[in-house]
Amino acid sequence: MIWDNNFAVSIFPILLQGLWVTVQITLLGTLLAAVLGLVFAVLRRLAIPVLSQVVSFLVVFVRGTPLLVQAYVAFFVLPAYGVSFNALTTGIVVIGVNYSAYMAEVYRSGIQGVPKGQWEAATALSLPGVRTWGRIILPQAIRTVVPMLGNYLIQMFKDSAVLSAITVVELMATAQAIGSSSFRYIEPLTLAALLFLAVSYPASRLVNRLERRYAPQH
Amino acid sequence: MDAVIQYAPLLWQGLLTTILVTVMGGALCLVVAFTAGLARLSRHRILRWPAGIFIEVFRGTSLLVQMFWLFFALPFFGIQLHPLTAAVLALGLNEGAYAAEVVRGAIASRAKGQTEACIALGMDPALRLRRIIIPQSIPAMLPPFGNVMVDLLKNTSLVSLVTVADLTFSAQMIRSTTGQTTAIFITILVMYFALSYLLTLLTSWLERRFALDRKALTLQRKENALMKVGAA
Amino acid sequence: MRPSTEPQAVVTGAPVTTEPIIRFQNVSKNWGTNQVLKNLNFEVAPGEKVSIIGPSGSGKTTILRILMTLETPSEGKVIVGGDTLWDVALGQKVRETKQLRETRRKIGMVFQQFNLFPHMTALENIIEAPIHVLGMNKAEARERAAELLNLVGLGKHMNHTPPQMSGGQQQRVAIARALAMRPKVLLFDEPTSALDPELIGEVLSVIRNLAHTTDMTMLMVTHEMRFAEEISDRVVMFDNGAAVESGPPAQIFKDPQQERTRNFLRAVLQH
């Protein structure tokens, strides 16, 4: 018998715990990415000498390098300089920073999509900069960005498996641990795959629907 | 920095492996993308459904899970893949599933009029795809294909987790023997970044090369040159 | 080789009384509950130049699209050159039968939106189907394409791609492309209505030339009434999925018998 049903049932609760950790990583990571990404996008747009260029380069650099290596850097390099958290926190920060680089790009196109007339109207009303950004530009920019954020959330959900390499005990690490201790890999890995699918497939359907709803009207 | 210099040959080997995995994974990815993407558009359910299931499963689960499954679970079915094979297979199938959606999207968004013009000229479906629809869709596919390839390159780092001695694997080895963590990781980050950048350059070169009106522009330039010669 | 439809002098005028080349028998077409063609009976004689006029949504395009096999009729039978193209009674569901392919080759179509292949030059657009569908050799196809481009006044543009050409030029290439397949029947669906006014003339003059110099059967949906009057042997007025009135242009335009034709002509000729 290749597939052992009893074994599969017995490990299912442990895998669900792993899934829960994965979900937490995803939610917190997305939150971090959404906020950081917005900050990066605005900083780039403000064209502050040096700072804006540095941010631009960082965004491109993060997008051009592997998440796994970034995770290793956070896990092995940073503690040498006195920065250290537990594995889970490190994982969330790494994946959040990684995705913020992508989100910054999404915000950028959202901000660019706001018609020039909106800026001009704000100037004509002598609105201060903070008010212009906060009440006029960003609300319009973010509206078009919502479905993309959804896509990245789902992507992050699947990518977070990489964090198992720095000892974060999420779904993938749980499955692997079960495999190596029981020498049965089929059940935990298949179940892990199915759990990923069970969450991400309906979620992406939902985002597709949102996408159609929020699609720009022009 | 001495660790980096001392272990340069090892890093070089790792770099070559990373490039090898990227090239092989990329080739498989393209094959998978066109096969699954076109099958997804077929009139026949026998082709459409399996392609749809393949695409959703491989996009819906983690690449790492897929790679581990091929590496650890497949042997229980009596199939023992070489780590490199398992790694390339997982990368190609996973990124191929994403790229299949690119193919499907680019072809489906072709103007309906093009297909109708083909029918009016008596072209059968295979000829239509081969001569008209696919060539026209290439320019639209290139930018997202470029993104998929950069993704694939970055994801090759995961092959180190199934014991393939790529750049990341070499770095880990050097780190554990020398303890010079910072230098070694900065080095490979820069190397990955350089590779990503090269891929981006390649993509934009291809984009220019395949731009729809480029051919006509060159032809016209030749024509103009001839006319100048004639006038002189 | 299929029979030639090379340009040759042919007296146009009274329809020839032979077996019709196109015959619609009790053809209906439904989109859901919307019946677009209602039990249509309609015939075209070989070599006849027929213009179809009528208000928007009356089903004019649908007739051409059924002939070009871009649309399936819901009811009835369509015969082209003696061969059955559609026969719903026979339960013809399969779109790509051999018979359908063979019959379809007798027909060519010029679209409202041109539908040129944007990644190919004018010349490549024209030689594509002759080479890959008819199996013509490349040299012969190119030679003939060059002739056709000259015929439509674009001999100098063979290496231009569609984006580099004006709408009028694109439509003339599209006509040459259709002619390259030597169709017996050429369909035109409002060939000038996507064009800027100043470009309409050049396309109409190409079509006029074809009408006067070939024995090809031409079926044209158009809103250019003066043009229809000038080149047609017969004008058919459509309304509501049925042919309301049919006759020589002089009669339809000068002395329409039906109220609906009169109303339609009054409305379109006002401006």
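Note that the chains take the letters A, B and C in the order they are written out, and that residue 1 is the start of every chain.
Basically, a contact is a pair of C-beta atoms (placed from the backbone, for glycine too) under 8 Å apart; a residue touches a chain by one contact, two chains touch by 3 or more.
Please read all numbers here as calculations on a predicted model, not as lab measurements.
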Query raised in the report: Which chain has its C-alpha centre farthest away from the C-alpha centre of chain A?
Result: C
Query - Most extensive contact between chains (C-beta pair count) - result: A-B
Report summary line: Here the gap between chain A and chain C, centre to centre from mean Cα coordinates and rounded to Å, is 55
Query - Inter-chain centre distance, chain B versus chain C - centres from mean C-alpha coordinates, in Å - result: 44
Report summary line: Whole-angstrom distance, CA centroid of chain A to CA centroid of chain B, is 22
Query raised in the report: Okay, in this complex, where on chain B does chain A touch?
Result: 56-57, 59-66, 68-69, 72-73, 76-77, 150, 154-158, 160-161, 168, 171-172, 175, 181-182, 185, 188-189, 192-193, 196-197
Report summary line: Listed in rising order, the residues of chain A that touch chain B in the complex are 2, 61, 63-70, 72-73, 76-77, 80, 158-159, 161-162, 164-165, 172, 175-176, 179, 184-186, 189-190, 192-194, 196-197, 200-201, 204
**Report entry** chain C residues touching chain B - in the complex, by the definition given at the top
**Finding:** 68-70, 96, 101, 104-105, 107-109, 111, 113, 115-119, 121, 128-129, 132-133, 159-161, 163-164, 177-178, 181
**Report entry** Of all residues in chain B, those that touch chain C in their complex
**Finding:** 111, 113-114, 116-117, 119-125, 127, 131-132, 135-136, 212-213, 215-216, 219-220, 223
